[in-house]
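After this come two complexes, each holding chain A, first together with chain B and then together with chain C.
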Partner chain A sequence: MTMFILSKLSRAVLTILLALAFAFFLMRIAGDPALAFLGVDATPEAVAIFREKFGLDQPLPVQFLYYMANLAHGDFGVSLREGRPVIVVVSEVVPKTLQLMGLGFGLAMLIGLPAGILAAVYRGQFIDRLVMVGSVIGFSLPNFLLGLMLLLIFTLWLRLLPSGGADTAVSFIMPTVTLATAFIGVVSRYTRSSMIGVLNRPFLRAARARGLPASTVLWRHALPNAAIPIVTVTGLMFGGLLGGASVIETVFAWPGMGRLLVTSVLSSDLPVIQFIVILLVITMIFTNFAVDVLYRILDPRIGHRGSMPVAGSAR
Partner chain B sequence: MSAYEQAMGSRSDRDGPGCIRLRSDAQPEPPLLCIEDYSVSFDTPAGRTVAIEDINLEIDRGQTYAFVGESGSGKTVTCLGLVRLLNGKHATSGSIWFDGVNLCDIPVRALDEIRGRRIGVIFQDAVGSLDPIRTVGSHFAATIRRNTGRRGPDASRHAVELLAEVGLDDGAVLAKYPHELSGGMAQRVAIALALVGDPELIIADEPTTALDAANKVRILNLLRRLCTQRNAALIFVTHDLLAAAKLCDHVAVFYAGRIVEVAQLDVGFSKLRHPYSIALLRSVPRLVGDPAPRPIPGEMPSFADRDALCRFRDRCEYSVERCRTVAPGPDRFRRMHVQCHFPVNTTFGTAVPETADLSRSVKFPATAPSSNAPVVELRNVGKIFGGKRLNPFAADNRHVALTGIDLAIGRGECVALIGESGSGKSTIGRIILGLDQPTTGTVKYNFAANDGGPRKTTRQYPVQIIFQDARSALDPRLNIGQQIEEPLRVNHLGTAHMRRKRVAEMLDLVHLSPSFATALPHELSGGQLQRVEIARALVMNPSLLVCDEPTSALDVSIQAQIINLLMHLKQSLELSLLFITHDIAAARPLADRIAVLRQGALVEIGETERILRQARHPYTQELITLTAYENLAASGDHQMPPEPRQAVSRRQQYQDISA
Partner chain C sequence: MTDLSTKPLAMWLRLPKLSAAGSICGLWLLIIVIAGFAGPAILGIDPNGVDLLARLRPPVGFGGTVDHLLGTDQLGRDILIRICHAVRVSLLLALFGTLIGAAIGISTGFLAAHFGGVVDDVISTLIDFQAAMPFLILAIAAVATLGSNIAVLLVLVSVFGWERYARLSRGLALSYLNNGYVVAAQTYGAGWGTIYSRHILLNILAILIVNITLTFPEILMLETTLSFLGLGVQPPHASLGSMMNYGRDQLFKAWWISILPGLAIFLTTLAVSTIGDILSNRLSIDRR
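So, the complex of A and B:
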């Protein structure tokens, strides 16, 4: 297990470095950040001062080395737009995004898992068709469209829910539902197909033959075996949740990291973008790591594979 | 209860012609299980198919019944129907009385109280019937808590006792996962799990089919002993009549969804009277007498072709006009009966003390091993799998599969390679095919010019293989003709017309009608698929055919057909064969020589009849003893052959320590 964690960790550091270098150079190659920030009608003097202040007059590799050196000291730079340390700017908005993601993820699991299980158990019957139709609608509907529709219905017509912001508990409802809808569709569909695969396995019939009731067999044997593909999809979903959050935060004027990323990209606020990229990469790496660990917990065969004797395979 | 008594009382009214009853109605105790007019039909896209029809049977406490039949005969459907574990959309009729309760009527909750506690079920695929992500101990914990209410240390004590009872003394089994168990160990665990509730009826659905000869006998012995000790009734589902005779005192023979005969097995097979039962018995390869098994011609009628008349009539050597016009007596007898107009009056099978006969009755074969240059010659071949990995921290996973193999196969000769699973016999096949390279030693081929094949032979493919599982060895989306033609097509041999002609020739060679060329694999039966595989292997006109357990997945009657086909092909095409199997009896009709493989080394090689008559190596003698079918009723579990090697060494260590 130590070897497993060490090798994962070394790969993670490499991944972060590569992603960071990619974001760093791409943003600077794509256009002159000084002009993008100050506007095309800025005086050459102002541009020169701006460049010198933020070290943009140096050659790119030198800039990168400086940036890395600062990172090593825990200095993530200063936001070009706000003049405050990046870490402060970003940490103000991170909790709001985490709340939205957590709620959206929770809702997707809470509805998607039982819906998929029900569909698998009542395969081919009305409830199965209902879940499948719902899931197709769910993941084929673009989330910004869904968000705008919800706004139209609940804010403009019914006047029940606030249009944006994150001030009250009710303002969570529409962003969460919008974010979760697509993932409910994905989770229910994968849960269904994974469960159907497991429900045909002989050990379920054997468990029934030992007198275990249907519900026990479902929870004890079917679901844990079906969980592995579901965990895989859930891990992949996390990246999608972050992307979805950017769109939804813009639609609902949610003061979160997704919206900050969008405004920073539009205004070429390089240090903020780089820091958010680091955060995103770390999130994805952590998710993948969590998925790998979960695999090992869920399926005892995964950790053993390297040391299995060959004898059994001769048959 | 009234319906039950009524049914019991009215039984004598139902006597029909053609049925012979061998036992009186006087029964002091009601039977444990009484199946009445039980039918199951499945809803399929093609419509309703009747899987079993009007099954009637009575089983008393402590009686052991074998359900014998080919696949599709309905024996497994009957068993699963008993405990209502049938999958798929189906409808049942009739009733199943278990100790006064109709299992067909009671709610599922009440059935859950009976399953596991009063009826234990053991399945064919033992490893598959255990949850792969839970330990053996976890299976026991849940089952014991559910069926006895015991938990904690009390439950673990119970589990250890049960495991000891099935011959797994090592408590470490509880901590293992199913994939860490061998097939034999997994089946023992499954048996122990079925015993948790101390059931009055044990249903064992082909529990030994997936096991090799040695493990099979051990499991049969174990089941026999357990049923005797616990006075439990047993239903043993099998397609192997000889195994049935080892274990059971009664047999119900299933054919095409009906029970055609119920008989006692107390004196061998002497009481079998239905032509099908006898044909089935003759199709089993044995170690004495006529080496060639006698196949039953044709195949079992499909679901659509089953009518009220005798369903065996088209394959029956005794059938007359009456069989085609009048249905045999209705199957309403729950004790001994034969469902046939003309039950065979024979004493076939009375004399089956095979081990005793073995030394006298056997004659040496006329064909001596060929003296000409061998087609393939293995010299000192060894094979090691795995090796040092790039990662220096990974454990060394080397596994010695073969050591010092010297083997030659002559032209037109068949060498049978016998060994248990894991002995390395398939690896030898793969090395001869060139799919694996030997780690040490050499493989020398010596093929004659290939003259019979299609012209323009740029490359020769003198070695071909047929696999055990024909269904997965064939592409499900290509039709049979395309699959047989494929080796020619990919090698650009002949024109399209020539290739089609060759395919027709090949189908004819394996006794399939040319119309099969356009069929898809799922439309064919197991035996037909195996013929297709043989045709595909022979289309390149090979000199040597490697047969990797080609018959072990087939029913006995079909197995006999395939063995006879291979015998015929070997003679007519002067084909050399390497016949890989764990069943020494199946190898006997075909093999000129037998090579016995154990743990990657050849322990004995010699002419077939010499090996059978006077095996020199103790391991060979043991294999022959295992295959020879004496009734093991008297012999206890203590005369069991040794356990697999790991278990032996562990047990010896234990004994050494405790001594």
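So, the complex of A and C:
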């Protein structure tokens, strides 16, 4: 187990280093950040001052070394739009996004898991069809359409909920529901198919034949065996939740990282975008690492090889 | 030989029975395709025709008149004709994205299966990397560096989802390569190109088509999401997503500008997903 974790960890660190280099060169092939930020009609003097201030007048390899050295010191650059350190600008908005993602994840699990289990147990019956139709509608519904419709219903017509911001507890309701909807569909579908796969196995019939109550068989015997694909989806959901958050934060004027990313792209604030992407890559790599470790805890039969059984990505 | 290898495809092509849900979905797709490709010619209205005297007219049934069936936007442009044009942009982007992605994925999957070793390692690592990353965020970052225009968008939707085809075709090719008919084809002198394209590809086509019905709605969603955020299709072109973005600040005054294109996206993704479900049930392919 220790060897497994060490080898996984070293690979994760290597991937992060590659991603850092990739992020740097991707941002630099974009063209001149000075022109992108100041506009094409900027005076040459202004461009020169801007370049000097942000170190853009150095050759590319020198810039890269400075960039890596700065990263090692925890210096991720300065936001072109706000003039403050990127790390400060981004860390101000990260908690709001994490709250939204946590609540959305919780709601998706709270509804998706039981719905999927019910559908599997009552396979082919009315409940099953209801869950399946609901899940297809759930992940076919664009989150921005759902968000706008909720705004119309609950803000304009019923006047119950605020249209945006994150000031009060009720502000969380619409963004959370919007974020969770697609994932309720995904979780219930995966849970259903995974449970169906387990429910047909002989060891469950044997458990029933031994006289164990149906609920014990379901919770103690079936669910743990169906857990692996469900864990895979939840690992993938993390990235999807983050993507969803950038849309939903824009719709509900939520002061989070997703909205910051979108506004930074619209205003060509490359250092902020770069930092968010780096943060994201690191988070995703560690999420995958955690999922890998979790697999081995859940199912000791899983070996080192082929330890990333990802089955299609969740949005 | 050919008869045998095309059987999985023929099996579902020859199924004449269509469920009620399947027919409704098929009908909707037919309507949306006709609206997108013949609609502009039939209606004959200029999608960018500004009519400041007819601004923010509601759709028929909500107090609107017949000359603007789905109402008008803040410049008095007809929503119906704009949706028709936007549908064409969105559908074409999603279609090309799906097909190019499938082509990239299938060929890399076959390459990995055929050569193994380092080639397989590199391709498999790329597959795992892309599967792990949230594509929307990477796409947003790519737009930040490359700018937003149709060409960049086409590249992004094409790169989306290739890894699924690659994983599928790699795994399936590996299992089919040991089949008797591949050995037989080799014995009578068929080249690898023929074996992959005529024998293996045709055998796994059904699974790949089901995967297409799964990926197409997501690609449509990716494009409309980027356009909704203002990072996708730019004026004078319009996609369903950019129409929604344009009407967003008028939501409380004129909901139809945003909501109607959104419904068009929703019904299209729903129809394709449902058809995909029906197909995978008939072929008993485990999708999720």
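Keep this in mind: the second predicted complex is superposed on the first by the 302 of 315 C-alpha atoms of A that agree within 3 Å, B and C clash if a C-alpha of one lies under 4 Å from a C-alpha of the other, contacts with A are read in each partner's own complex, and residues count from 1 in each chain.
Just so it is clear, a residue touches a chain if its C-beta (ideal position, glycine included) is under 8 Å from a C-beta of that chain, and two chains touch if they have at least 3 such contacts.
Remember, it's a predicted structure, so these values are computed and weren't measured experimentally.
Participant: With the two complexes superposed on chain A, say which partner A:R201 touches: chain B (first), chain C (second), both, or neither.
Facilitator: first
Participant: When the two structures are overlaid on chain A, which partner does A:P142 contact: first (chain B), second (chain C), both, or neither?
Facilitator: In the superposed model, A:P142 contacts chain C only, not chain B.
Participant: Does chain B (first) or chain C (second) touch A:D75, or do both, or does neither?
Facilitator: Touch partners of A:D75: none, neither chain B nor chain C.
Participant: Output check: A:D292 vs chain B and chain C. Expected answer is one of first, second, both, neither. What do you get?
Facilitator: A:D292: touches no partner chain.
Participant: After the superposition on A, what does A:P224 contact: first (chain B), second (chain C), both or neither?
Facilitator: first
Participant: Between chain B (first) and chain C (second), which does A:D57 come into contact with in this model arrangement: first, second, both, or neither?
Facilitator: A:D57 contacts neither chain B nor chain C.
Participant: Identify the partner contact of A:A214: answer first if only chain B is touched, second if only chain C is, both if each is, neither if none is.
Facilitator: Only chain B is touched by A:A214; chain C is not.
Participant: Check whether chain B or chain C contacts more residues of chain A in the superposed model.
Facilitator: Comparing chain B with chain C, the partner touching more chain A residues is C.
Participant: I'd like to know which partner A:V247 touches here: chain B for first, chain C for second, both or neither.
Facilitator: second
Participant: Name the residues of chain A shared by its contacts with chain B and its contacts with chain C.
Facilitator: Shared contact residues on chain A (touching chain B in one complex, chain C in the other): 308, 310-312, 315.
Participant: Which of the residues in chain C end up touching chain A in this complex?
Facilitator: Of all residues in chain C, those touching chain A are 128-129, 131-138, 140-146, 164, 214, 217-218, 221, 224-225, 228-231, 241, 244, 248, 251-252, 255, 258-259, 262-263, 265-266, 269-270, 273-274, 277, 286, 288.
Participant: Where on chain B is chain A touching in the complex?
Facilitator: 83, 85, 87, 108-109, 112-117, 120-121, 123, 125, 128-135, 142-143, 146-147, 177, 179-180, 182, 190, 193-194, 196-197, 385-386, 393-395, 397, 399, 401, 421-427
Participant: Where on chain A is chain B touching in the complex?
Facilitator: Contacts found on chain A: 3, 200-203, 205-214, 216, 220-221, 224-225, 298-301, 304, 306-312, 314-315.
Participant: Taking the touch rule as given, give the residues of chain A at its contact with chain C in the complex, in rising order.
Facilitator: Residue list for chain A touching chain C: 15, 26-27, 29-30, 132, 136-137, 139-145, 148-149, 151-152, 155-156, 186, 189-190, 193, 236, 238-240, 242-244, 246-247, 250-251, 261-262, 264-266, 268, 270, 273, 276-277, 280-281, 284-285, 287-288, 308, 310-313, 315.
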